[in-house]
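Each chain carries a letter (A, B, C, D and E) given by its place in the written order, and its residues are counted from 1.
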Amino acid sequence: MTTALIILPLAAALVVWLLPLPGRAVGSLALLAALAEVALWAVAVGGFDFERGLQLQDRQSWFSDLGVSYHVGFYGFSLFLAGLTVVVCTIAIAYAVWAGGDRGRAYHGLLLFLMGAIVGVFTAQDLLVFYAFFEAMLIPIYVLIGVWGGPRRLRATATFVIYTMAGSLLMLASIVVFGLSQDTFSLVDSGVSSNDWVFLGFLVAFAVKAPIFPFHGWLVDAYRESPPEVAAILSGVVSKAAVYGLLRIVIAKFPEPVEQYQAAIIAFATVGLIYASVLAFRAPDIRSVTAYSSMAQMGLIVIGLFSLNELGISGAIVQSVAHGLVSAILFLLAGMVEARTGTSAFVALGGMARGRPVLATLLMTTGIIALAVPGSVAFAGEFLILAGIYGVGWGWAAVGAAAIVLAAMYMLRLISAVLHTPRGIDALEDTPDVRRYELAILVPLVALLLVLSAWPASISERAFPLIADGQETEAAP
Amino acid sequence: MIPTPKVDWLALAPTLALLGASGTALLGSVLVPWWMRRVFTAFVAFAGFITAGVFAAVVFDESADGRSLIAESFTRDRLGALAALIVAGAGALTVLVSWGENRRDHVGEYYALLAAAGAGMVFFVTASNLMTLFLGLEWFSIALYVLCAMDTHREESLESGLKYLIVGAFGSAVLLFGSALVYGATGEIGFSEIAAAGAGDDVLLLAGLAMLIAGLGFKASAAPFHMWTPDVYQGAPTSVTAFMSAATKVAALVLTLRLLVVGFPDQEHLWTVAIAVIAIVSLAVGNLAALVQRDVKRLLAYSSVSHAGFMLIAVAANNELGGRALLYYLIPYGAMSIGSFAVVAARERELQAPVTLENLGGLGWERPFLGAAMWVFMLGFMGMPLTGGLIGKFYVFSAAYEAGWWWLIVAGVIATAISLYYYLGIVRALYVRPAAALEPAVAGGSPPLDPLLHTAVFLSVGVTIGSFFFVQPLIDVARDAAASLPF
Amino acid sequence: MGDFLVWVVWFLAAAGCLGSGLAVVTFTNPFFSALALIGNLGSLAVLFLLASAEFLAAAQVLVYAGAVMVMFLFVIAYLGDRSKGIAGGPSWVRVGAVVAASALLVEIVVVIGMAAGDRLSDPADIQRSFGSPEEIGRLFLTDHLLAFEITSIVLLVAAVGGVVLGSRSRAEDELEEAEAARAGA
Amino acid sequence: MQGPDVVWYLVVAALLFSIGTAGVLLRRSPLIVLLSLEIMLNSANLALISFARHHGNHDGQIFALAVMAVAASEVVVGLGLIVAIARRRLDLDVDRLRMLRG
Amino acid sequence: MIAGAWLCLLAPLAGALTITLLGQASSRRTAAWISTVSVFTAFGGAVAAFIGLLGQGHEEREVVTSAWTWLATPNFQVDLSLLVDPLSVTMMLIVSGVGGLIVLYSIGYMDGDPEERRYFAYMSLFVFSMLLLVQAGNFLLLLAGWGLVGLASYLLIGFWHERAEAVAAAKKAFVMNAFGDATMALAFFVLIWQTGTLDFQASFEGAGGLSQTAVNLVALGLLGGAVAKSAQIPLHTWLPDAMEGPTPVSALIHAATMVTAGVYLIVRAHPIFELAPSISDLAAGLGAITLLVAGLVALVQTDIKRVIAYSTMSQIGYMFLGAGLGAYGNSMFHLMTHAFFKALLFLAAGLVIHHLANEQDIRRMGGLRRVLPRTYIAFLVGSLALVGIPPLSGFFSKDSILASALASGGYGQILFVAGLVGTLLTGLYTFRLFFIVFLGEPSPLVAEHSSGHAGGHGHGEGPWTMTVPVAALTVLAVIGGWVQIAGVWHPFGEWLDPIAVGREHLALVEPSVVQDYVTSALAVGLGLLGMLIAWTLYGARTRPVPRNAALQETLEHKLWFDELYDLVFYRPAVLLTRGFRRGVEQPLIGGSISGVTLGTRGTAGAVGDAQTGYLRSYALVIALGVAVLVVVFITVQ
């Protein structure tokens, strides 16, 4: 089952690459495959017992002398992350069909490949498998940005890939050391370690991926130069690989170092949260704001994870899904705005609400969920996170709560700058509203956000039990 | 009547097959009419490599217990057989790549020398005394000197040949003097006899060992003995470069491992550190210099220096896992090397000009297959998943960890991070740069499709990717091979 | 007495050997260098002889001084006078060359010196037949059969290489024709 | 017949080796570089032979004989190359051969 | 009863969603009616709940109904549950009733606006959110409603989004409220970790066992939210600016319902506030300060809506005062009557503004009495009720709060004095406004709008959709106070009894009848005095308005709060941003990348240069390498 979830998009990618289909058919085929993946995921959810730990496992020895095996399976929380992946990637493919760039076969194939790789990351139960998928994500991203990206894409891709690879190579070193010292690379079979260096290797990799201050140097350029749908996947889904890694590896396998470094990690995440929020407040365009807000949100999620109690961790999972959807929508909307006006810079935009009610409604809805208006799923996530971190120290919670105010400030600024205030030079009178197909792309995501807002418990109460027996984190009160 | 020693013909079969092929090709270059000379000699060489490979496989299968033969002239064991197999594979692919070169002069001699070089390497990896080591080394080296300089109408080719020859001969001389010192210290030339002589920390032996390491490091293009590599790789005919980059490295590294492990177990504390340092220097120099290259062959040459560094980490580990790592690493590495040079060769023939990052532009879109293949090779060099490069690095790091060399892991990590830049630079050139600025191929359009070269590339891709998925069988083989050495 | 004579001969040979070696390196004209090398090889043959390597001494004279050097001289004559001084290239190469050469010398001498009192002090007893053609020949057909065969292969490969490199190729012809045409135009 | 012991031979070999090294490193004419390489190989031969005498086994002598053949082979290829270069009317100067660098 | 509660909650949401989803498919009028009907349906639901609750005994008037689990982790759970009790039903009635009237009024008021649909969708959304707030069965859901009303408020303040001021005001309102949300959230965290639940009853019970510090923290956090939402000092500056929104919005959100949510919160969470007397006193004190300051500032405002807005702040100050002192029933009473007369005032002002084509500056008004006679009466009733002249509603409710203050010991008596001074100010600023706008000769502007357009196109006093709600509210403003007459009958207090006074163990403020009468006399007297002064200065104009430049400026700048916040928060934030960007992001984060790149490239260049192309140098490097290796080997051994 799990293997099928991974293989389906990869196989579809191969088919798309190899079959010489015309452009339209390629898009439809890719979309069809993606939808099938969503359906498959739904089937997986149907067969999942949220009361138990690892399920839907597939295990096959890969090479035995070092104890490496192909081992995939789902925990409750990873099922949600995978769901986020398939949904966002499907929507991204739909967007790509709409945007209709050149070299569709390559493009759609890469998107499908990326989808499969990300699902792989969220299911990996063996360190080397995890690493393989973790790195495999980079391959399509590099080309997607490098070939179809914006004018400064070369620098953006180089920075992005080298940054993240540097992090993940350290992780490879850590994996080697951890796996050899444990005599197995299986995440299920291995015990815990208290080696600080190994721990830090993993931590840095995920800190880059998330990113956490100060490892975010790649962030803005990558998000700004990507095609919108790639930016959506990148910020919405790929960054969640860090969540999975932190939860499944760092927290589960390094209880001692985690405890030791907990304050420091939370401090960095908090600094990042405030830092990114403040920068987002003055960022010059939609994408930069969304980029920095992503960073802020990831900081928050990391705070939640390292609260090390069930409140914070559940919150982090909820927030991961919420942020994934929100930032995906925001980037796609940015793309649509760019497609209409040629820019996402605030100085050239404004007044888009007048006469464009659909665009306005969508952006407004997403924006206010992004700023975690109470009652929204993002709020539910943030609330749990901050409630969790409160248990660690009230000061962290207070700073986090302050970040909520900052989030309100930068998101409202974004909304107003695009929709409100006098019309910008590039927002022409006859710039069209969101059309039917675009609506079909965005509405599922927005609807999902609203549904989750009505029922965030659907995720939060199913994110546990987290890790296999004996490795659960401490319980809340 | 002198009692001639009993010869184990099976052990020599791979070498003899290639020698036979070489001889046949040589005869063919004289006797066969010119119009079918190319077909004949190429086929003979190809068949020779394949036969050698088959024999090597048989030897591998039948040599669970290694033993040295003819007064420790050479060894029949799985290590040598596996290395021979890899060399034979590389050679066969090289023949496929060479076909489309449309060499008009000395085509028969070309294939004969190629087979001869292959034979030399296949023998070299089994060598087990200093004399056969030196002879085997010279055997394939001399053939390679000639191959490098064979395009006598190109100055680069001549320059590369002369540089290779002189620097190579210098390196051999050093190696030879080192051999003499080791012989002087122990009175023996067989590897295991040297170890058995128990010379301990005799300075003669140590000085000799240092010179031997330098000489072999030269062949493996390890820094600081690597400086010929970029020049020679760049100037030599591309198919020869492909062969050198894959096969020579296999031969040199495997023999380095054999020599050090079998011959100098007592000096382990010295040579492991030395090899480790050389590995690090290679990683640093290779990767850094590659960053600023524009010529793709030269870039790949530096990359091969850095990979020599990686594989030397496995040697430095001096444990069974290291042997496994080295032997595993060589398989995808050989495929990636040959494959990437094959792609360069294809582009070169298309453009009739040296391939630079600039005129690689747009290859990925114009020739989707070659572009995708090159992409795979670059991913492999980077150690990205879906290629054996990842597993190779993984094993190398594992070996280093088991040896306690955590700083070698760190060095490897940093080096890989740097290497990303130029490997991705190639990918970027393939796909990102517009082909607009491109000079079109010579009048008459692109040359006809070269099915053999494409086959070679396809096989290389297959090995590169396959070695990722089917690690277990390969690692079993590598383990069996490494088990031949007395770790 | 016999010993003294051996010492004298040895010293003469060694001096000749080193002197001619220096001459090879310092002469500007390759022709004279080659001649000096013949002297060098000859005096080496004497040293070989003194070290109980009769067959090798003979081979040295025959193969080297005879065959190889003739080829050398032939080529030099073919190429004409192409004297090149020692100088040239970046100065650090020259400085480095001297440093490296003397460093190696010092090191090897030191190594020998350190070993001298130890392993190298006690030469083995040898029979009279040591180094005789019979002994060498027997070894070449038994223990070192493979080396012998390989030697021949190496020579064969080199011969082929020499032929390939030494002969003109069609590509070269075309290149020259093109150059000539360009010069003519 | 007692002559100088092995150490003396070795010192000569060492001197020859460094002379050869210096020649390779200093001379620009490929011909003289080749000659210098011959000196280096011969110095190794001298060492081998003297060690063979010292240890009383023939391996060194056989080795030296093989080296002679190899040296001859190198010369053949080297001379062939030099001829090829000369045929192209290129300057016979190793310092001029630096199209490939960087 | 339960069905009524759910109907009440969901009808407006359904209305909002319907309007949104129909989009262009519905006409603008249809949208307006959908919204109106949905809110009145909600009112119907509220009435049903009310009747249902009446049918129960006092002790059983607390019904919790859950739909599903909203947020949960294995050991913590929050349900989507509604609490139906007298307090929430009271609020439901007020919200949906007054809301319905105001939405109905909007039909006329917003007629012709191109984005009417959006307006009505927002209005329905607001009513839904407000109902969620008051019906919520636990703190988290209350916070959800709390945030959503803030959102709706943001959307409606910024409804005319082409106006930069409106957008800025909307953002300001939202951000200040977000601050309040944050402090409330912090209070909830304490509750979660100390009591393990956010359900009202359970957490109140759990709060009993907490340390004083913890309880104080919780109360303080809640108070932060209340202060922000109810525009009490120091988080009050958003409310006057919020008058940028359409007038019905001001009536509904910024007078009748949302801004009083703070009072509701204190009353709802009164067990916690009772456990934290110092925080309760703080609330009362803030209320007193606010009522004075707002009254003073209102004296100099020239925007008709801003005057009323300050008066709202001031009146909510009374409610805070009462709630802080423990007079919960009286505060709720005032909350209700205030909803009536303040909505009335706003809507009447809306009629004026509507008539004058969106002119809001009272200096350009005057003599509207003759032009808008019915509006005049409505406004007069509202003003009198505001000042607290018997027998209008404000009289009963405000005096009950003041009487409670008088009965609350020394601290209460100080606040009592403040409240009395406030009464004087109320009379003064209310009738200043009234006299300027309605009495005297018609100003040029008024004359222009009255002559040219009389009976023209729906100006005048407006269509029936506008006048009917005003009339209804006029009646309510008159009779709304009669449900509770000190010393005579107390049906309102008894209705709220189980919530407000039913806990024996808590000491509650219960003024004596004498105190009630003394208070009434004083308050009415002072109110009349204020009106008299206003008459002197603005009505009869027998005396010039006294001027004090410094005071005037201070008041006009609203005591410099905006400037202070600008200086303390906004500017440092901007500086911080710039500092981060120029001091960290560019030099360190970006710089480290370029630095590493340049450094690597430089080294790489050097390595490349070492590859000179000189063959001899290659051999040299080998020779040196060998030399080094040999030395190392023989020295290290």
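By definition in this document, a contact is a pair of C-beta atoms (placed from the backbone, for glycine too) under 8 Å apart; a residue touches a chain by one contact, two chains touch by 3 or more.
Since the model is a prediction, treat every value here as computed from it, not as a measurement.
Common neighbours of chain B and chain E, by the contact definition above: A, C, D.
Top-ranked chain pair, ordered by C-beta pairs in contact, is C-D. When every chain is reduced to the mean of its C-alpha atoms, the one closest to the centre of the whole protein set is A.
In whole angstrom, the spacing between the mean C-alpha positions of chain A and chain D is 65. We define each chain's centre as the mean of its Cα atoms; on that basis chain A and chain C are separated by 69 Å.
Here the spacing of chain C and chain D, counted between their Cα centres, is 4 Å. Centre-to-centre separation between chain B and chain C, using Cα means, comes to 29 Å.
Of all residues in chain C, those touching 2 or more other chains are 89, 93, 96-97, 100-101, 104, 107-108, 111-112, 114, 120, 144, 147, 150-151, 154, 157-158, 161, 163-165, 172, listed in ascending order. Residues of chain B found to touch two or more other chains are 131, 135, 138, 142, 145-146, 149, 152-153, 161-163, 166, 170, 181, 184, 203, 206-207, 230-231, 292-293, 421. Within chain A, contacts with two or more other chains are made by no residue at all.
All chain pairs that count as touching, in label order, are A-B, A-E, B-C, B-D, B-E, C-D, C-E, D-E. Residue ranges of chain B in contact with chain E, taken from their complex: 162-163, 166-167, 170-171, 174, 201, 203, 206-207, 209-211, 213-214, 217-218, 224-225, 227-228, 230-231, 270, 274, 284-285, 288-293, 418, 421.
Listed in rising order, the residues of chain D touching chain E in the complex are 21, 24-26, 28, 94-95, 97-102.
By the touch criterion given at the top, residues 608-609, 611-616, 619-620, 623 of chain E touch chain D in their complex.
Chain A meets chain E in the complex at residues 159, 163, 214, 216-217, 275, 278-279, 281-282, 310-311, 314, 351, 353-354, 357-358, 361, 364, 368, 371, 373-375, 379-380, 383-384, 386-387, 390-391, 394, 397-398, 401-402, 404-405, 408-409, 412-413, 416, 419-422, 454-457, 460-461, 463-464, 475-477. Put simply, chain C touches chain D in their complex at residues 2-3, 6-7, 10, 14, 17-18, 21-22, 24-25, 27, 30, 33-34, 37, 40-41, 44, 47-48, 50-53, 55-56, 59-60, 63-64, 67-68, 71-72, 75-76, 78-79, 82-86, 88-89, 93-94, 96-98, 100-102, 104-105, 108-109, 112-113, 116, 120-121, 123-126, 130-131, 135-136, 139-140, 144, 147-148, 150-152, 154-155, 157-159, 161-166, 168, 172.
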